[in-house]
Amino acid sequence: MDSGDLEQLNALLDNEIDLKEKIKDFVSDFDKRTRRVQGALNKIHSTPSEDVPRLARSVKPMLDECSLSVSAIAGLVPEFEYWRWSGMWSFSLRAAAFGALFVHYLETETLLSLEGVSSVLGIKDEWKHKFTLQAEDYLHGLITMVNEMSRWAVNAVTLGDYERPIRISIFVKSIFAGFSALNLKNDGLRRRFDSLKYDIKKIEEVVYDVSLRRLANSPKKEGVDESPAPR
Amino acid sequence: MDSGDLEQLNALLDNEIDLKEKIKDFVSDFDKRTRRVQGALNKIHSTPSEDVPRLARSVKPMLDECSLSVSAIAGLVPEFEYWRWSGMWSFSLRAAAFGALFVHYLETETLLSLEGVSSVLGIKDEWKHKFTLQAEDYLHGLITMVNEMSRWAVNAVTLGDYERPIRISIFVKSIFAGFSALNLKNDGLRRRFDSLKYDIKKIEEVVYDVSLRRLANSPKKEGVDESPAPR
Amino acid sequence: MDSGDLEQLNALLDNEIDLKEKIKDFVSDFDKRTRRVQGALNKIHSTPSEDVPRLARSVKPMLDECSLSVSAIAGLVPEFEYWRWSGMWSFSLRAAAFGALFVHYLETETLLSLEGVSSVLGIKDEWKHKFTLQAEDYLHGLITMVNEMSRWAVNAVTLGDYERPIRISIFVKSIFAGFSALNLKNDGLRRRFDSLKYDIKKIEEVVYDVSLRRLANSPKKEGVDESPAPR
Amino acid sequence: MDSGDLEQLNALLDNEIDLKEKIKDFVSDFDKRTRRVQGALNKIHSTPSEDVPRLARSVKPMLDECSLSVSAIAGLVPEFEYWRWSGMWSFSLRAAAFGALFVHYLETETLLSLEGVSSVLGIKDEWKHKFTLQAEDYLHGLITMVNEMSRWAVNAVTLGDYERPIRISIFVKSIFAGFSALNLKNDGLRRRFDSLKYDIKKIEEVVYDVSLRRLANSPKKEGVDESPAPR
Amino acid sequence: MDSGDLEQLNALLDNEIDLKEKIKDFVSDFDKRTRRVQGALNKIHSTPSEDVPRLARSVKPMLDECSLSVSAIAGLVPEFEYWRWSGMWSFSLRAAAFGALFVHYLETETLLSLEGVSSVLGIKDEWKHKFTLQAEDYLHGLITMVNEMSRWAVNAVTLGDYERPIRISIFVKSIFAGFSALNLKNDGLRRRFDSLKYDIKKIEEVVYDVSLRRLANSPKKEGVDESPAPR
Amino acid sequence: MDSGDLEQLNALLDNEIDLKEKIKDFVSDFDKRTRRVQGALNKIHSTPSEDVPRLARSVKPMLDECSLSVSAIAGLVPEFEYWRWSGMWSFSLRAAAFGALFVHYLETETLLSLEGVSSVLGIKDEWKHKFTLQAEDYLHGLITMVNEMSRWAVNAVTLGDYERPIRISIFVKSIFAGFSALNLKNDGLRRRFDSLKYDIKKIEEVVYDVSLRRLANSPKKEGVDESPAPR
Amino acid sequence: MASESGAHIANDKSITSHAAILHAFEEFRSDLDLENDRRERIVKSSRDITINSKRVIFLLHRLAIAGIDDDGVKDDRTDYVEAKKKLAEIRVIFKNLQHELEAERFWHHQSAISPGMQEYIEAVSFLHYLEKGKMISYDGVLNSLRDENGVLLCPLSLDDYLLGVSDLTGELMRFAITAISRRGGRRKAREVSDFVRGCKADFDGFSPYVKQLSKKQAVTSQSLQKIEEAAYAIAVRASEYGENDAMLADIVEQCVMG
Amino acid sequence: MASESGAHIANDKSITSHAAILHAFEEFRSDLDLENDRRERIVKSSRDITINSKRVIFLLHRLAIAGIDDDGVKDDRTDYVEAKKKLAEIRVIFKNLQHELEAERFWHHQSAISPGMQEYIEAVSFLHYLEKGKMISYDGVLNSLRDENGVLLCPLSLDDYLLGVSDLTGELMRFAITAISRRGGRRKAREVSDFVRGCKADFDGFSPYVKQLSKKQAVTSQSLQKIEEAAYAIAVRASEYGENDAMLADIVEQCVMG
């Protein structure tokens, strides 16, 4: 190869390596921040019902920090090269999506849409070709939330909240119906969707236990009307 | 190659092989002794509450034997060559650390520190460059103990001890919180830490079963006020 | 090479090939027969308690057929050449050993000894140097039985037999204790022994479920009375 | 498992491990000795014609040492267990067979028979069921010798001995013809036999180079009448 | 885990990660520099005899750069932790050892000793417990040189230098004899040593071609006169 | 599955297994016969020119025996199932094709066409859907012939026939040109075609040696006219 | 005899000039290229069949679960029209391949069509199970591969049949795990677990003779164990309260729906 | 700030009914299916490109050797028109893919197009070497991928470029081994071996950064050694008789052709 060609190749390669290093540093921050979010949300399993809103509120500033990471990364990615680099942060992005989805659920007991998650994480429309929240990442975040919810249903009962599993059950069934509509490849999402079935089964078992012990009977009447759960 | 060089090279190579063989023999003994410890501690799963102290006591002499192995190995390792050989015994050392940690828990229901484990196993400070207990090995031993505890929670209920799972749950959750605060970059350790989540979930389910049936005092009764819920 | 030598060599080589082909044919039959035994015993998972003896009885003629294969193979192996050829049938022999062990358990709920298995499979003492049941093969068969039993504990409960898991648990734990006392250096056997731990854990969980719900008498006969009553 | 059974099983297993360790030690010595033989015979490639007999003589005491190893191993192997353990030393035994064959060739330019090799290595007839030289091992040794001879043909020319390749060629072709007459079903042996073809081709090319330059009498001169050409 | 313990553990773990990152950066430089050395030495295959000294000279400054890397790495490694980290650079160090050995050979046609290589690479005696050249690494470098030399023998002939293969042959055979005298138990080294046999065979064939055609003086100075003249 | 279905499947499978066994037996004969052909043709390397026709003639009855095997196999293959089973005999068929091609060459110094080989091997047109000679098998046989011819060129010179390499060279160049016209996949044929290049190179080297020594000069004039070699 | 006539023929079949050799090889080239091109077309169609069959399987899961939710008591008369339509579309791909796989060509290119065929079989066997509760027979699959005139669109090898229907057990496991927490799920789970246990037993006899089958049997064992464990969980819960599934389900439903 | 506005947005973005959830997922389904279908089309085209490029490579071997045989002395002005035509046909496939790979889609489906792209690069770099005796540059490949208006048909990643041109050394080895026993072959062999040696050196610097490249470098080393050994064999023979290749070749030719 003549030396001009070689220099060009070297320049291209150096560029790539530099960019990769820079993204890596930001992703490492992003990762730490999403771990904080997950750590905080993990407290749900020992939080009494009445303290749930306070817990949700406490996580919001952490999500804001995640959106700083998102913005920093997006600032680095060249136009049209989203898919070239996204493998580096998709793990963290899914964790952040989980955080946004769960906080929203804790506050509203509704599902935050993909656009909603994008907005919480500060992903801008004009980044269309460099940083977006793909359906796949959103769905991974959603499954993580359901995983957490099946554990929550169990612990809520331990903490004396017999309504929670029922509300979770109704919500999760809708999510499951949604997932059933997808045609998945034999990939990670498919595997995780299969795991979702076990979460639903677990939740159903808790509902079964609780219903048959008629523990949920008395407080039910007032609780139902307020619950914004879809049906 | 002149013959002086050759002889020197051969001396170096032979030395290495000899030492390796010798360490191997002692490690093989160490391995047998740690298996005995594990075998004895395995009885916890069929031991009624009142016999737990007796079981713990019975394991102590076996730990002493382990410390003989430790001392024998340390006697072989040349000064400054800890890192050259430690791969040979780290498996057994982790098992021994588990033994020390679990016996201590059975007796006091508290966590033995790294220094505590070192001292139980007779690891001396002056061996700094030939035989030490690394944080990594200590943490592996700790995870093994948690794995065992989730099984114990199940079996304790079978044996009619409904309080045990609750005490285990509190202890294990604090361990888990500790691990969550560590920056685990080490792959092996991170993988095993992920396995802890399953143990915690299992323990939570046992506590749920017991609470649901009002077989024991719910952990929340006393714990609520001090619960780590955010505000 | 002179032609006498050549002829002799060729005779040796041809002989080996011929014998191998013949043994292979019989081993292939043996394999089919042990598969039939396994297929029949597999029905245990959908057999109600009262039909277990009938199932055991139905397998016995199949074991007799296995012993015909054993005898046919033993008839081919030249005196003193057990170790030359045994690799060809050890897989099937272990399956047959499993069959003999399991049928015996189903009928008596006791463990059939190595000699007992040999006798069921028609292995004669005078075949010492051409066809024997090695300890290793016996133990492999035993582990296969335990693997099957942990699944059986689960399915028995599904079929409404709540006592079965408890009886299985007691038996399997004594097998496990036996294995723990062996010095297993053999890699294959050790790996399979390690798998036993999962079986035991599974069985313990079934016993837990049954005990928790007081569906059967707890395995701790003495312990039950002292267990704290639910509140 | 009752404790009598256990002890018996443990005795069987321990026995096996012990014996294996002991055989391993002797095989390790055997291995070193056969390496010495091979190292010494490797000098053939720089030995002028007239020194070949001296070289052959010098190797004989090393072969005697090999026969000490053979005898030591045979002393360990229990009667009738040849096939159980022979895999441990077959590699070394083949190397020793090569040594015996090659020394004999260097002295007589004839092929030593299987019995001849057995006798050089001190393998006794009465060891029939514990230590023998199998046809397969003999043939492996023979192929190793031919591999070495093709290299020797090349180096002999470099050393100015132009007749050597021609004599090698005639000998090797008769070996090849012998092999061709065997029914080799054995995979390892067949693969190595296929490698012989390359050796023969190499030797033919050396003979060609020498003939073309009229450096030696062409092999056809005398050989034509007796040549195996069909008529 | 109390927070003091946690902090200490975290400090230990973070320290390790930091140090690893830093060493990695320097090793990456070291790697690039040794690649440059290898790239330059690779030109030997198209360098006419007379330009060999110039080529050797041109590589020396590159070796000096390697020694800068060595010094930088040694500056990072904590005292007594050679064995903990050496796996990270052994690949590059072997390549650097090859470079030092080959340049020395090109200039003097002699073998540089282990101490000589250490000195070229600027490895200081006082680094004994943080950075040394182990015999194993030296020998790997040596084998790489022989691999390269067998290719060089071929290419030298193509470039018209018929004496080179003969000088290479003498040198390589003495290296080979040295290796044969070592007790190589180390698997990696033994495998690579076995590969030397192919190099030697290749070189022998080149010497054969050259001798046969009387393109150079046969290596057997004394033997030539007695060789039978062609007829 | 209901038992009728199962029986049908078993019948289908038994059929297949039976057929496979039968074909295997015939293929094993076929294999032996093609080995005889190859063994006989191997004599070409030591056969003087004048005896070549006799050698060719002697192989013909062996080819007839091969055609008996072909016919036996074809008798077994069900209509349209050629490709299902052909993997079992393609190795032998290629060897037989080689035999037919080489005998034809020895007699006529021309290339036998695919149809010609089919006819020699008794492959009938009406077997179109069960047994044919595919181009791929024909080409494998052809490459085997060229492999043999490059060796023959070398040995012919040793036997004093200096014309042979030249005639072989002309013939083989045409074959090579033919092969160059093919678009091959990265499969066995491609690999063997690559190897062909070395055969041609070897033959060219022999032609070069022979031509430059002008050994072929005098006998050439008469020889050329009679040679039916293509150009 | 052969050798006598051989001498004559051999002369006819001699290729005696450089040009003739080149000519012969050019024919080989076009033959080889033709077959390679054909294989490539088959591979592509096989990929299409695979993708479409996978989508049919997802669709069947949706329809089956919807059927249970609609009416867990009625006898599963779910309408699979949509899935059948999609299967018919897949058969169009087979139809287009028909002449590429005729006569001896099928076995020539069997390995190229095999992945698609197995996935197709998985899909039709799933439909068959959902409708009939039984394993589709070899002839059943074969018949599904006939056009309106009863002409076979593509031959069917025994191996493909066995490997294709083996994959069914994985889908049934997914189906059972989903179904089990629904009304009537316990019955469904038991049906499926009996069926899968039967499949495993039936196929065990074939596995030494069919490559890859023993690997698939191992997957079947895992699936079976998952179903058994799910059925166990249901049974254990129910045992605490009594045996009448439907009544219990009603109580739970009232609790949840208010 | 983000959290304040977040509160508002969150309400807008809530999906509050079962039907709305199903609707959202149906959109996901069509998005996912769309992209999967696209990838499938790209994979198929990539296979077409691979096959056609391989055939171009065979054709180039034929033309190059024919060129040497026709005239080993003249300066290699072989006409590669036919190969260029076939490369243009391959570019039509790229052209048809153009819109499937525009904007961010290229990197999304890069792994699907990559095998075809690399084989195409191998083919154009072989042609380039035969015509110019040099390595085609990154821009050279890029320019070959432009339509008549200079619009790029397909983006080119650095990795594909490096991996594609690495494969060239294997073809050059085949070419050299064939050429070497022809007239002027010794010169050709030396040219090729110098060139391949240069390639190996040039790429060594990249191999730590490009996946798979070090594996290809190992193949290049083997190829180089084969070429060197072939050149050696020629050199050794020639050395016995003198150095003038052409004269020796003439003598040999006379011998052979009579």
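Points to keep in mind about this one:
Going by the order they are written in, the chains are A, B, C, D, E, F, G and H; count residues from 1 in each one.
Criterion: contacts are C-beta pairs under 8 Å (C-beta built on N, C-alpha and C of every residue); 3 or more make two chains touch, one makes a residue touch a chain.
This structure is a prediction, so every number in the text was calculated from the model and none was measured.
Traced through touching neighbours, the fewest hops from chain C to chain D number 1.
Of all chains in the assembly, those touching chain F and also chain G are H.
Counting the residue numbers used at the interface between chain B and chain C, under half appear in both copies, so the two copies meet with largely different residues. Averaged C-alpha coordinates give centres for chain A and chain E that are 53 Å from one another. One simple way to say how far apart two chains are is to compare their mean CA positions; for chain A and chain F this gives 66 Å. Chain centres here are Cα averages; for chain E and chain G they lie 57 Å apart. One simple way to say how far apart two chains are is to compare their mean CA positions; for chain A and chain B this gives 34 Å.
Within chain H, contacts with two or more other chains are made by residues 36, 55, 205, 240. Applying the touch criterion to all chain pairs gives A-B, A-G, A-H, B-C, B-E, C-D, C-G, D-E, D-F, E-H, F-G, F-H, G-H. Taken in their complex, chain H has these residues touching chain A: 1-3, 6, 9-22, 24-26, 28-29, 31-33, 36, 103-104, 106-108, 110, 134-135, 137-139, 158, 161-162, 198-199, 202, 205-206, 209.
Against chain H, the residues of chain A that register as touching in their complex are 1-2, 4-6, 8-10, 12-13, 16-17, 60-61, 63-64, 67, 80-84, 104, 107-108, 110-117, 119-120, 122, 129-130, 135-136, 139, 174-175, 177-179, 181-185, 228, 230-231.
Across the complex, chain G is touched by residues 31-32, 35, 38-39, 42, 45-46, 151, 154-155, 157-158, 160, 162, 206, 209-210, 213, 215 of chain C.
On chain C, the positions that touch chain B within their shared complex are 173, 180, 201, 204-205, 207-208, 211-212, 218-220, 223-224, 226-228, 230-231. Partner chain G is touched in their complex by these residues of chain A: 166, 169-170, 180-185, 194, 197-198, 200-201, 204-205, 207-212, 214, 216-217, 220-221, 224.
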